[in-house]
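Working notes for the structure below.
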Amino acid sequence: MNAIYGLFPDTDSARRAVKALGEVSRRLRFQPRQIVVVSQEPLDDREMGLPRQHTWMPWIAACGGIVGGTAGYALAAFTQRTYPLPTGGMPVVALWPASVVTYEFTMLGAILTTIVAFLATARLPRYGQRVYDAAVSDGMILVGVADSDVNAWRDLEETLYEQGAERVRQFSTA
Amino acid sequence: MIFLAALLVAGLGVLGMALVKADTRGAPGSVAGESTPAAASGLSSGVFTPAHRTLLEAMEDYFDYFPTPVQPIAFNHKIHIAKGMKCLSCHAGAALGPQAGIPSVTFCMACHQVIATNNPEIQKLASYAAEGREVPWQPVNWFYPAAHVRFWHAPHIRAGVDCTTCHGNVSQQTVAVRQSDLNMHFCLSCHREKEVSVDCATCHD
Amino acid sequence: MSRRWGMVIDLDRCTGCEACVVACSAENNIATAGESQAAKGRAIHWIRVERSWEGEFPNVRVRFRPVPCQQCDAAPCEPVCPTYASYHNAEGLNAQVYNRCIGTRYCANACPYTGRFFNWFQPSWDKPLQLQLNPDVSIREAGVMEKCTFCYQRALVAESQAEAEKRPLRDGEVSPACVQSCPSGAMVFGDLNDPASAVSRLAGLDRGVKLLEEVGTFPKITYLARES
Amino acid sequence: MTTRERQRLEAAPQDRDRLTRDLLRPVLHTSPRIYLTMMALGAFVLAGLVAFVYQAYWGMGVSGLNRPVFWGFYITNFVFWIGISHAGTLISAILRLANARWRRPVTRCAEAITVFALVIGASFPIIHLGRPWLFFWLIPYPSERGIWPNFRSPLLWDFCAITTYLTGSLAFLLLPIIPDWATLRDRAIGWRKKLYRVLALGWRGTPREWHRLEMAMRIMAVVIIPVAVSVHTIVSWDFAMVPVPMWHSTVFGPYFVAGAIFSGIAALIIAMALLRKILHLEEYLKPIHFDHLGKLLLVMSLLWVYFIVAERLTVWYGNATPEVAVLLATQRGKFLPLFWTMVCCNFLIPFPILAIKRLRTITGTVIASSTIVVGMWLERFLIVVPSLEFKYLPFSWGNYRPSWVEITITLATFAAMPLLYLLFVKFVPIISMWELKGGEHPEPAAAAELAPGHEASDPWEGTLPSAGS
């Protein structure tokens, strides 16, 4: 994997850089989705001219909730049937108490699936080397192109500087 | 870090200390110091409590560990059964009540006055009899007091449960060995199979 | 049809002698708490005789009411127990399983009759008093709840005996220690499911009332209200 | 370095990342005074642990509990701390959903309170067990006994609810820390760098990651609010489900939830004021935050009065003998001093302070919050104990006096809270850096909704330190 990227001091120059990279992409033979943007704070996709992000996470969480709730009711009902001990004049599987347990397990299911879905779709944790620069944590915005033709790097560097990059760096893993 | 370490130490401490239930008489604010007539007259030789005596015993109870007992005399079950004796010949209580019972030394000596008197183990038995002491047999199958189990042999014998079901094939053993865990699953699975009471209060009270 | 143990206590006959309390302690291995602990409200007595005064001096009358566990049909102590240490058995008893109890003391709070007891410390007996302990009743340990069992160990023995003799259990064959020891015969014990039993007949009397009936616990102990 | 690069660097404002430096300072530098404070607090916590071991060894008898008062300080503390835990997650989730911009410096303080208060609160049911080493019987797991926990017991609901709430609160607290840990990973050195490298999970800050994080937080906010409400409702049901006079009340669910939020906000205000002073965050936690939380507290105070009137008036008017016995014992009998102290602490003192704008300063809100924390603890005590002392049959009425064991353990938890908090502050920036920075730029969606003239008078304009000032 290799990449060339520029570090931009503000959103405006970063946005211009993304736009400019999009314009030169055909000429320099890379796909717009190879453009990498890394920032220390959330950027608005639309404002940056990046493709709109979409995720099924709310639906996955809802499904997780349903699974959790079913599991909760099943647990409450199954465990009380295996050794049926009547208590306090209640039926062995009492609806109201079981519904409380079901409710809590529904929520637990939704919470756990949200966490898992977040990690899975954001592709975390991943500790390997990826396009990144510690300067991002100083507030710089990284805009670059990953896995592009090495011959185009000179042109790309020029483009990045033109749009206001403070530094341009090359990145490659053997 | 220090905090976590302290927590860990305290946690282990609780697990350990809490299991040894000390003699209540020393407990703060308890009956300590209130001397009883029995204590004053010297009749009392201490206090009886269901507390564990040692930390080790407490841990063994907590983790359901039953140490193998060491018997004062290496009693040989195999020979006795081979000679035609039945379990109930000696453990007669099993058919009648809760405890199976262990025969007294005089019961043993009824035969061993004459039989195998040269055997060193029998000579040990004879010496107990001569001193008028009972043999301090160690229990093999037992429950910790914390199990609060009430087990009666009689109803099981009446129901035709064979001794070997719980005690294993003693006819092949010399010194009796604990054969099954005798845990709640062991009892329950049989009770469920035979469709008899699985009510908690039948055994626990 | 399974049995449903119940009791009738005739308040007219109770003299407040507390023989039931003593008998219960002896039968059920109840440890004494000692003076200082009893003063703190830590004494255990599965049955107590409540005493109250009526009238103005000099026309004062003392009233007694023996209160054991009421063995409720809809017992508030049972559903609150997280470990099933307190549950309802097939013979209608509110059983307490000591080895299952972790000591949340929730059941004790839920009981409107304050009929449940907690082992604050390890119970103990000065030697050789341990020799009088009842082998049929387990010795509780620190941290568990205990309560009146209607001397269930006696019922089990009687049932086992009847089974061995291949005959049904007779009415009056089983009686808890308190009933057995009551000199005035104020307490009657038996099977409420058997319409012919003494306890069923007495429980059906017009004088029969339940303690704190308004709480809705459906106790199996019927008090016969005083007529005098 | 090319000439071009050098030119760019020289043109860059020197002070661009003052915010990060300010907020990382407490994490990366610790003064000896903090260590001393930690040790003092640790000593209290240790004393509590010793008291607990002592109690577990001898039995519950070393506490002041007796028959009929089977629950005392421990359950009071349990309800109190679970109540405090409603500070955070609930407040920050509501503010997050409402997109209130002033929440940004407050959320993480609040969420941390939630997690720690929950851990402390959840330990009390175990501390109060007669046989605490068997607490795991509350967990549904298959065992050779074939017996499972009783799901009909409110204590099991508690267990489920607290597990869910703790999982949710932890996620709610930890997920938005990941980007800040990534910043720390780039800044820290030594073992801390390795630690933060693991904790940051390889976070970079791509649009994809940011989008998923914000989505996760939005889902969590939606889920955590009903969970938080259910948790304290279920805690109230520990009481309301049993037929004990003055416990068996339908109003307990909302009453407890309102009380929980009330005490939670008070705890949050105290925590914020302390952080502001100790960590020198004056520029981030501004009077306006205290003003707004103070208003929230005012509303909750009124709500609390409403509930206590609703609860007590119905009991008094209904005139059922057992309930009136408890009511009178609380208001006129032996609990009279405690009851009226509670009313003063929860309403009579804080109400004027919070209602009068001139008094609703940082000092004012902190004073009000302190009385409220005390008052709410008393409220929990007055719910638990009087009902048990004066239960139905007068022959069995009792008396409760806490022992030194209970008092020590209680004090230990009050020390454990700041101790855990201090430790947390030393590993995590207590103010969410990325969220605060995100707030520096007007959000396009929000900006579009505001009229041009409106934007200038945005009241939150001043809530952030301006760069280069």
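Per-chain residue numbering starts at 1, and chain names A, B, C and D are given in the order in which the chains are listed.
Simple rule for what comes next: contacts are C-beta pairs under 8 Å (C-beta built on N, C-alpha and C of every residue); 3 or more make two chains touch, one makes a residue touch a chain.
Since the structure is predicted, the reported quantities are computational estimates derived from the model, not experimental observations.
K.L.:
Which chain is in the middle, if each chain's centre is the mean of its C-alpha atoms?
P.N.:
If one averages C-alpha positions chain by chain, the most central is D.
K.L.:
For the pairs A-C and B-C, output the one whose chains share more C-beta pairs in contact.
P.N.:
Result: the pair with more contacts is B-C.
K.L.:
So the centre of each chain is just the mean of its C-alpha atoms; given that, what is the distance between chain A and chain B in Å?
P.N.:
62
K.L.:
Using mean CA coordinates as chain centres, what's the chain B-chain C distance in Å?
P.N.:
Once rounded, the distance between the two centres reads 31 Å.
K.L.:
How many angstrom between the C-alpha centroids of chain D and chain A?
P.N.:
So the centre of chain A lies 29 Å away from the centre of chain D.
K.L.:
Considering chain B alone, which of its residues make contact with at least two other chains?
P.N.:
Counting only residues that touch two or more other chains, chain B contributes 21-22, 24, 27, 29-30, 200.
K.L.:
Counting only residues that touch at least 2 other chains, which ones in chain A make the list?
P.N.:
83, 85, 87-88, 90, 97
K.L.:
Among the residues of chain D, which ones contact at least 2 other chains?
P.N.:
Within chain D, the residues that touch at least two other chains are 58-59, 61, 131-132, 146-147, 149-150, 152, 156.
K.L.:
Among line, ring, star, complete and other, which best matches the way these chains touch?
P.N.:
Shape = other; not a path, cycle, star or full graph.
K.L.:
Which of the residues in chain C end up touching chain A in this complex?
P.N.:
Per the touch definition, chain C meets chain A at residues 73-81, 84, 86-88, 218.
K.L.:
Mind pulling up the chain A residues that touch chain D in the complex?
P.N.:
These residues of chain A touch chain D: 9, 11, 36-48, 50, 53, 55, 57-58, 61, 65, 72, 75-76, 79-80, 82-83, 85, 87-88, 90, 94, 97-98, 100-101, 103-105, 107-108, 110-112, 114-115, 117-119, 121-128, 130-132, 134, 136-139, 161, 165-168.
K.L.:
So in the complex, the part of chain C that touches chain B is made up of which residues?
P.N.:
Answer in residue numbers: 32-37, 40, 84, 87, 89-90, 93, 95, 97-100, 121-130, 135-142, 149, 152-153, 156, 160, 163-164.
K.L.:
Looking at the complex, which residues from chain B come into contact with chain D?
P.N.:
Residue positions touching the partner: 2-3, 6-7, 10, 13-15, 17-22, 24, 27-30, 62, 183-185, 188.
K.L.:
Help me check something: in the complex, which residues belonging to chain D touch chain A?
P.N.:
4-5, 8-9, 12, 16-17, 20, 140, 146-152, 156-157, 160-161, 163-164, 167-168, 171, 175, 178-179, 182-183, 185-187, 197-198, 201-216, 219-220, 223-224, 226-227, 230, 234, 434, 437-438, 441, 443-444
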